[in-house]
Amino acid sequence: MGQRVSLFVTCIVDQLFPKVGLAMADVLERLGFEIDFPESQTCCGQPAFNTGYRAEARTVARHFLDTFESSPFVVIPSGSCTAMIAHHFADLFHKEPETLARVHSLEKRVFEFSTFLTQVAGVEDVGARFDDIVTFHDGCHALRELGVKDAPRRLLARVRGLELRELSPAEECCGFGGTFAVKFSELSGAMVRTKVEAILRTGARTVVSLDSSCLMQIQGALSRAGSNVRTIHLAEVLASR
Amino acid sequence: MSRDYILHRVRTSLGRSPSQPVPDPPPARIRIPEVSLDARVASLLAQVEALAGTALETSDPRSYIASAIVGKTVIASNSPYLAACGISSLPGVESGITDREQLRDACATADIGITSADYALADTGTLVMFSSPAEARMVSLLPPEHIAVVPRDRILTGLDELFSILPDPAAQSSSMVLITGPSRTADIEQILVRGVHGPGRITVIVAA
Amino acid sequence: MSSEFHQKAHETLANANLQLAIFTATGRLKDKRVEAVGPDQLPDYQELRTQANAVKQHAIDNLDHYLELFERNVAARGGRVVYCKDGTEVSDFILALAHERGAHLVVKSKSMTTEEVDLNERLEHHGLESVETDLGEYILQLAHQRPYHIVAPALHMTRYDVAEVFTRRLHVPNETVIEKQTALARSILREKFLAADIGISGANFLVADSGAVVIVENEGNARLTTSAPRVHIAVAGIEKVIPRAQDLATFLKLLARSATGQLLSVYTSFLSGPRRPGEIDGPDEFYVLLLDNGRTRLLPDKNKRQSLFCIRCGACLNTCPVYRRIGGHTFPWVYSGPIGAILTPQFMGVQQEPDLPFASSLCGACGEVCPVKIDIPKILLELRSDVKKAETRDKQNRLEKLSFRAFAWLMTHPRLYEMAGKLLRSVGVPSIQAGPLRAWTSQRDLPPLPDRSFREMWRRR
């Protein structure tokens, strides 16, 4: 296709889970997209925004706007970061009409990864193979703010060798919530342990999700529980051959 | 005065001036489904039964009630409809009380209270009762069992139809009560118990 | 204040029995709600929510108009509206009326608004006997406890707790069978209903075009409270006003389903004024006390104003992963759960309870289930911003403010951000993060640090 897309890998992927970014790039390139990685990118500002520091969040958001000003598409391996940009940048700049106009233009161009594949690229089969029994965790921001539910499942359904088992109860928060995980650590721990119990009940050996923050929380709890169940980002599953 | 103080605070907060006209409210949402009378009756009966009530249709409510009240103390409302059905005059049925205290005492000691109902709602198994000289509040409230006799043609599809034909219930009475099943609570350990304050047993008789 | 919240949360989390009770009870209510509003049961659920939100928005945006309309119509039906700034004015009015009428005994049906102003305590202090008649509230009154949940007030108590309370306060033999406990309460309260001089209720809705009070319940105690005594006083927040009786076709469909999964609550009473000529029973006097108590403070901000749309269904509590673990008593005020988390700081001032808006993972489940579409997560985020602004103003929590300024600076200097990342990976985690790090590792393992960042690997690609 040759269409240019820009990667916004997110600060957590950049610093802690780089393979997720590489996997996403691989999948997009295989589909014929021309990838670029604007080097000035850092963060979407969500940590500051969620903690109540809006001025600081605005500073970071302005930098984001500048970085991706000329990107026709921005693809992001995270529901929470995409929601921050697509929904909350407008909250940050509602008093600055000129910046707000740039935000509205940007909102149309940013996509969470699974949404980009199914809605923009129009594909469900990316030629992946991943022999495993997996379960899928719906991260709250992707699910409720972006309405992402079907897209990752349609993509996983086409992965050769993969069996998907649904979690029950479904749609429960993993308990990360950013600084919530450390400010209310006991509560966060209780929530993720419930999630781990549900995961173990499925008999799946791998947990897949769209957000590295959720995966980090869940993986930390699985390890602490002495479980061999591993966590992996959807991009890494889709990049597997 | 608190009235002026509060209204002033409200207006200031909303940026409104006294007597400022109000834009039209969003139109009330009233959607009345097309349901045949037969289907409405069937639905009403099924819903009442689903709530652990007893429900039946009969052309002879009097006979049914006659056998249901054997050995029981019964109070019936002053509903002309119940009188016309011959129910108020059944042996063992006390009726025609107009004194408040006397009625209360009768209801407090009765085993069964019998009333008519102004309407019923098919989709939820609900009785609609207006307080009036013919229907006092206590008859359907104090006795541990309530029997209501509803004429067939008073069965509406649901709330939307009720508020469509009665957009101003206050014009009719000081009290309109919607009764949906027997009194219940699950306040202790979420365990369901019926007949907490209101009647624990309810029978809806649709008179054909 | 804040540490009290943490302490209570900790105690609740550590109590295995309580955890099970709260989680199971809310889980049941949550599941019943899901079924009751499902596409096969209520196909126009989303439309009804949109309508309910629009009607509430209109009513609140024009609240003065609807309050005056309501007042006129109550008067037209022979009742009287009294505006009360706070709890003192509510109890002053009731006490004065009771004195005039020689009243001694009051029966009360469930009303969060009266809990808000500690009405029972005020009345009892002045010699009135005021008896809660909702079973759960009656038990709590005997036990001197606050409600645990908006709809299921005694959620946290077992039948053994109830038996103990009854034996201790009512001097009856120990009885642990729930049906018998209920029957006992019923017979005691029946006497109270029939002897009471005044009945005090809340109101789920105040219908402006009818001058009517709508009360929704399952037990029948509200019907008795509002029908047996000669005087009925309804106490309601000013925000309860809806424009028309016809709007009930929307709200009633949403309320019970959202609260308990029932199609309709057992009794819905639509009461307008004292009994009419010819009506045999019903009150001779009818009053509606309209309470402000800080609600007007929530009106100026257009976003936060929607906090007043709440119809007290409790759906947000039942779905909140936080409430379901810490329960109602952890919250500092009578309103708990997500709605409590947004109301409390707005009524009390954000600095009173600065932790409350942060005790949430922002999962958004509450906003998704709210029948009147209050955007609770959005308001939580705004309150967080309000807390930090207040702290900055008062020079509190300066280290945190400084860290986020540093964060913003770092994130706008990409090369320095990259260097900081390299430092993190080579040196290990800096000690200034000891606090958050310890908090993390207390519950779960840390992720392993990669050798290289994405951008380093990208350059080598």
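In this document, chain identifiers A, B and C correspond to the written order of the chains, with residue numbering beginning at 1 in each.
Here, a residue touches a chain if its C-beta (ideal position, glycine included) is under 8 Å from a C-beta of that chain, and two chains touch if they have at least 3 such contacts.
Just so we're clear, the structure is a prediction, and the values are computed from it rather than from any experiment.
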item	value
Chain occupying the most central position, where position means C-alpha average	C
Centroid comparison with subunit A (C-alpha atoms), farthest chain	B
Centre-to-centre distance between subunit C and subunit B (centres being mean Cα positions), rounded to whole Å	29
CA centroid of subunit A to CA centroid of subunit B, Å	53
Averaged-CA centre spacing for the pair subunit C and subunit A, given as whole angstrom	33
Contact footprint of subunit B on subunit C as seen in their complex	24-25, 28, 44, 47-48, 51, 54-55, 58-59, 61-65, 67-68, 73, 77, 82-85, 89, 133-136, 139, 152-155, 157-159, 162, 178-179, 181-182, 185-186, 189-190, 193-194, 207, 209-212, 218-221, 223-224, 227-228, 238, 243-250, 252-253, 262-276, 278-282, 286, 290, 292, 296, 299-300
List of subunit C residues in touch with subunit A within their complex	6, 9-10, 13, 321-322, 325-326, 357-365, 367-368, 378, 381, 384-389, 400-401, 404-405, 407-412, 414, 417, 421, 424-425, 435-436, 439-440, 442-447, 449-450, 452-458, 461
Residues on subunit A engaged by subunit C in the complex (per definition of touch)	9, 11, 13-19, 21-22, 25, 37, 39-43, 45, 47-54, 56-57, 59-60, 62-63, 88, 91, 140-141, 143-145, 171-173, 175-192, 194, 216-217, 219-221, 223-224
For the subunit B and subunit C complex, residues of the former touching the latter	1-3, 5-7, 9-11, 13-14, 16, 18, 20, 22-23, 25-26, 28-31, 47, 78, 97-100, 103-104, 108, 123-126, 131-133, 136-138, 141, 159-160, 162-164, 166-170, 173-191, 193, 195-199
